[in-house]
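Pasting the structures here.
Presented sequentially are two complexes of chain A, the first with chain B as partner and the second with chain C.
Our next item is the complex of A and B:
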C-alpha cells in the first residue's frame, strides 16, 4: 500500500486497529450520554453495521483502483444504502427509543 | 483531635470539592476536578471518547477507502508471475472441490481422437501451402480442395468461406498497420514483438526456446522420432529413482514454481486427447505418416502456466498479447525438460503457440487446474480465463492430481458475458452445453469465426483477440473482494452467492457493444474493455500526434 516503505503498512493497520477501540468506547459513552445502559449485543450490532459499511466503501474503492470506477460507485450505492438504512433503524431502536418504564 | 481537624480541613477545602455533572454513573468514572463554581477546564473523558470515537469512525472510513483504492491499484494485485518460488500466487485451495471426472468430460458417445486438421493453425498452414503451391485456388471450390484439409472443410460446410475471408482480412490488417496503426499501437506492437522475436522464436518460425524437434528435422533433413528427441542429452545410465510417486510430484511442482510458474498440476497421459497425424520431428510433422501411434514412454503430463499481462488483456484487442505468458511458459518448459532429463528421464515440451502433439484443454482439466468454459478456454480459479499453459510429457510415475469442480461451468450457464462481447459472434449462447465434440458434450467455439476477428484486429501480427478473456468475470486480479467471491461462490449450496455476483457483474460493470471492438476499417471503434495502461500509450512517450479516441472503461 505504501510503495517504497516496509513499515508504513504495518503501522497503518495497527493505527486502524487502535481506532476501533476508540470507536467502541465512544459508542458506549454516547449511549450512556443518551441515558441508555450499553447492552453488549446492541453495541456489537451497531459496530458490526459500521464495519460492514466500511467494508462496502473499501470494496467500491478497490474496484475503482482496478479501473472499474462505474462499478465501484454502483457497489457503494447499491450495497451501502441498505446498510445505512439498517444502521438508522438500529440507532432508532437502541438509542432514540425511550426506555420502557420498569 | 489534631487529626480530625486536619481531615475536616481537607474535606472543606474547596480545592478538593468534586463537581457533580448530574450524569448516571458519573461518580464511578470520576469527572474533572474543577475550580470552585463548577467551570470545567479541558476535555472531559466522556467528551473525549464521544468525539474521539466520531473522529476515529471518520478516519476508519477514510482509511478503508484509501486502503481499498491502493489495493485495487497496487502492482501486488497482478497475480501470476511467480513472485514467490513457493507458488504463493496459487492461493486457491482446490482440495474441497476434487472430483473424479471434470465437468463436460463425461463421455456421451464414442470418444474419438482429434485429427491434426482439427487444429486451426496446422490446418491454416496447410491450406496456405496448398494455395501457394498452385494445387488449388478458391474459385475451384471446396470439392476440389485436396487432402485431409479438403476432407475437413467438406465435412463442415461454410467454414472454408470464413477462413478464406480471414486470409483476405489479414491482408487488410497488415495494410492498416503500415498506413497508421503502427503509430497508435507502437508500444503494444513493440512489446508483442519483443516477446515473440526477441524471446520465443527467430524469424521463419524457428524456436529460440524451447528447442523444437521440427526445427532439428528441418535443419538436418532427418526424421527425429520421439524415442530419440525425448531422450536427448540423458547421460545417466539409469534414471534416479524417486522415493515415491508423491515425492516426485512434490519435487516437480516445486521446480515448476522455481522456474517461474504460478500454477502446476500433474495427471496421467491420456492418449484420447493426442492429435492423430502429429509428431514434430517427423517429415511434414507426421501429418501423412504418423497416424495414431502413441509413444510408449508418454505416461504422465505436467501442466504449468501463468497469466498474460493483466492490463494489456483488459485492453484487448490492440493492446493485448499472448506472448508475455507464452514466453514465460516456454522458458519454464525448456527448463523443466532439461531438469527431468538431467535426472535420467525422457521429457518432451508441449508449448504455445502451436508446438503440440496434444490438446491442452483436457489435460488442464484432468490435472485439476480448472474447468472448461463457454468461451472455449479452460478457466482456473485464481486467474479466470487468463491462463496460458505449457506442458511436459514424461514417463515418471507421479501421484496424480484429481480434477476439480468449482461451479465455474454453472456460472457460465447464466453469465454469457463473453458471448455477448465476442466481436465475431463465435461463442455460443446456449444455456446448456449442446454440441457433442468427439464424444463429449460441451460448448463449442466457432474457431473459424474466432480467427476471423484475430485476422481483422488492430494488431501487428493478427494473432489474438482476447476480448472474451478480458471481460470474463473470473478474470480478475488478486484483490480481497475477488478472493472472497472465489472462495464463497463454489461453497454456497443455495446458489444465492452466484446469483448475487452475477447480478452485480451484469448491472455494475459496463460493457461495450460487441462490434465496437472491431477495427475502424471493419466497422468498429477499436474499443477496448479498459483503456490501455499508461505504459502502452504511445502518445505518452513518443513524438506522435494523438489522432484517435480511447473507447474503454476507466
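Our next item is the complex of A and C:
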C-alpha cells in the first residue's frame, strides 16, 4: 500500500483497527448512555455493518485507483445503498425502540 | 400583485411557452431528414428526393457513381426509429445510419455498441441478413432492424403497405395489469370500500412498486407526457403501457378530483415511502420555493422535449435508474441521493423535483379556475 516504506503498512492497519474499535464501542457506549443496552449479537451486527461499509468504500476507491473512476462510484452507490438501508433498519430496531429500564 | 394573480399569469405563460416550443420544434424538424442524410457521409453529395422515402445522390468527384438512399422508420419504445440505408449501383449496402430516434439514449447506445446495424453492411437488398435483437434493449433493437429492412425494401421497390404494428402479448398483459391497478385505486378511494383504507393503500402501492417498477420497469415519466403532447404515439409504439398509465392517471384525477396515481400507484413513490417507513419520517412542509423549483424544472424539460422532438433527452427523473439501471451517471448519483434522503425525509423526490406534482397542480388549478368562472356565470 505504501511503496518504498517498511513501517507505514503496519501503522496504517494498527490505526484502522484502533479506529474500528473506537467507532463501534463508542456507538455501544452512546447507546448505553441513552438507556439502551445492546446485547452481544447486536454489537456483532453493528460491527458487521460498519465493516461492510468500509469494504464498499475500499472496493470503490480501489477501482478509482485503477483509473476506473465511474465504476468506483457505481460500486459505492450500488453496494453502499443496501448497507445504509440495513444500518437504518438497525438504528430503527436498536435506537428508536423504547429504552430498557434499569 | 397577489399570489393568485401570479399563479394565473404563470399558468397562461406556461401554456404559451409549451405551444411555442411545439411550433418551433415542428419548424426545426422540417427539412431535418435531408440534412441528416447529407451528414451520413461526406462522400455523398447532391442529395435529392426521387420518391417517397427514397433519395438519390452521387459520390463526391464522380457524378456517374449514383448512390441510392432510403429512409424508413419503425415504432420503437418511445416512438419511431428512423434508419437510412445507402446502396450503390451494384445493389450492395455501403452505409447504414440511425437517422432519428426518440428512445432512451442508454438503450440506443446499447444497440449501437452491439453493432446491430453493421450486420447490414455489404449485404444486398434481395438478401437481408438475419440479425438478433439485443438483450435488454429488445424493442429498440427490433425497431432498428425492421427499419433497416424496410429501407432496403424501399430501394428495391418491394415495400408493401405498412399496417398497424402488432402489440406483443407481454405488452397486453402489462396494459391489463396497469388498468387493474387503477381500478383497484379507484375502488379503494371510493365510499364503497368498507375495509381499512390505510392498509389497502399500502398494499396496492407495494403491488404497483413490484409489478410496474421491479418486474416491468414501466413507469410514466416526463418523457411519456412529452410523447403524448408531441403526438409520437400516433405513429405507433412498441409499448403503450407507460402512456396508458399516464392517461388513466389523468382520467382518474378528473373523475375523482384526487391524485390517486401518486398516492397509490407510483412505484418510485412506493420505494421512497417504504424507505421512509423504516425510520418513520414525516413529509417535509412544501414551501413556495419548492413548488416553483419543481414547476420550473418540469416546464424547462417539457419545452426542451417538445422543441427537440426527443422526449428522452429531457428526461431527468430517476425512475429508470431505480428499477432498470437505465440512465446517465448524473441520474445514478441523483437516484442514490434521493433514496438515502428517503431515510431522512418522507418522499423527498415527490416534494422537491418530481414533475408529476406540478403537472397535477397545474391541472387542478386550471380546473378550479375554469369551473369557478362557470359557477359565477350560473349564479349571476
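Here is the rule we use: the second predicted complex is superposed on the first by the 98 of 102 C-alpha atoms of A that agree within 3 Å, B and C clash if a C-alpha of one lies under 4 Å from a C-alpha of the other, contacts with A are read in each partner's own complex, and residues count from 1 in each chain.
Just so it is clear, contacts are C-beta pairs under 8 Å (C-beta built on N, C-alpha and C of every residue); 3 or more make two chains touch, one makes a residue touch a chain.
The structure presented is a predicted model; accordingly, all values stated were derived computationally and were not measured.
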Which of chain B and chain C A:75 touches, first, second, both or neither: first
First, second, both or neither for A:34, with chain B first and chain C second: neither
Which of chain B and chain C A:92 touches, first, second, both or neither: second
Chain B versus chain C as contact partner of A:84, first or second or both or neither: second
If touched residues of chain A are counted for chain B and for chain C, the larger one: B
Partner chain in contact with A:54 - chain B first, chain C second, else both or neither: first
Which of chain B and chain C A:23 touches, first, second, both or neither: first
Interface residues of chain A shared between complexes with chain B and chain C: 70, 74
Residue ranges of chain B touching chain A (in the complex, touch as defined): 23-25, 46, 49-54, 56-57, 59-61, 63-74, 77, 314, 476-477, 479-481, 504, 507-510, 530-531, 553-554
Touching residues (chain side chain A, partner chain B) in the complex: 1-2, 12, 16, 19-20, 22-30, 32-33, 35, 50, 53-55, 57-71, 74-75, 78
Chain A partner contacts - residues on chain C that touch it in the complex: 275, 278-280, 329, 332-333, 336, 339-340, 343
Residue numbers on chain A that touch chain C, as the complex places them: 70, 73-74, 77, 80-81, 84-85, 88-89, 91-92, 96
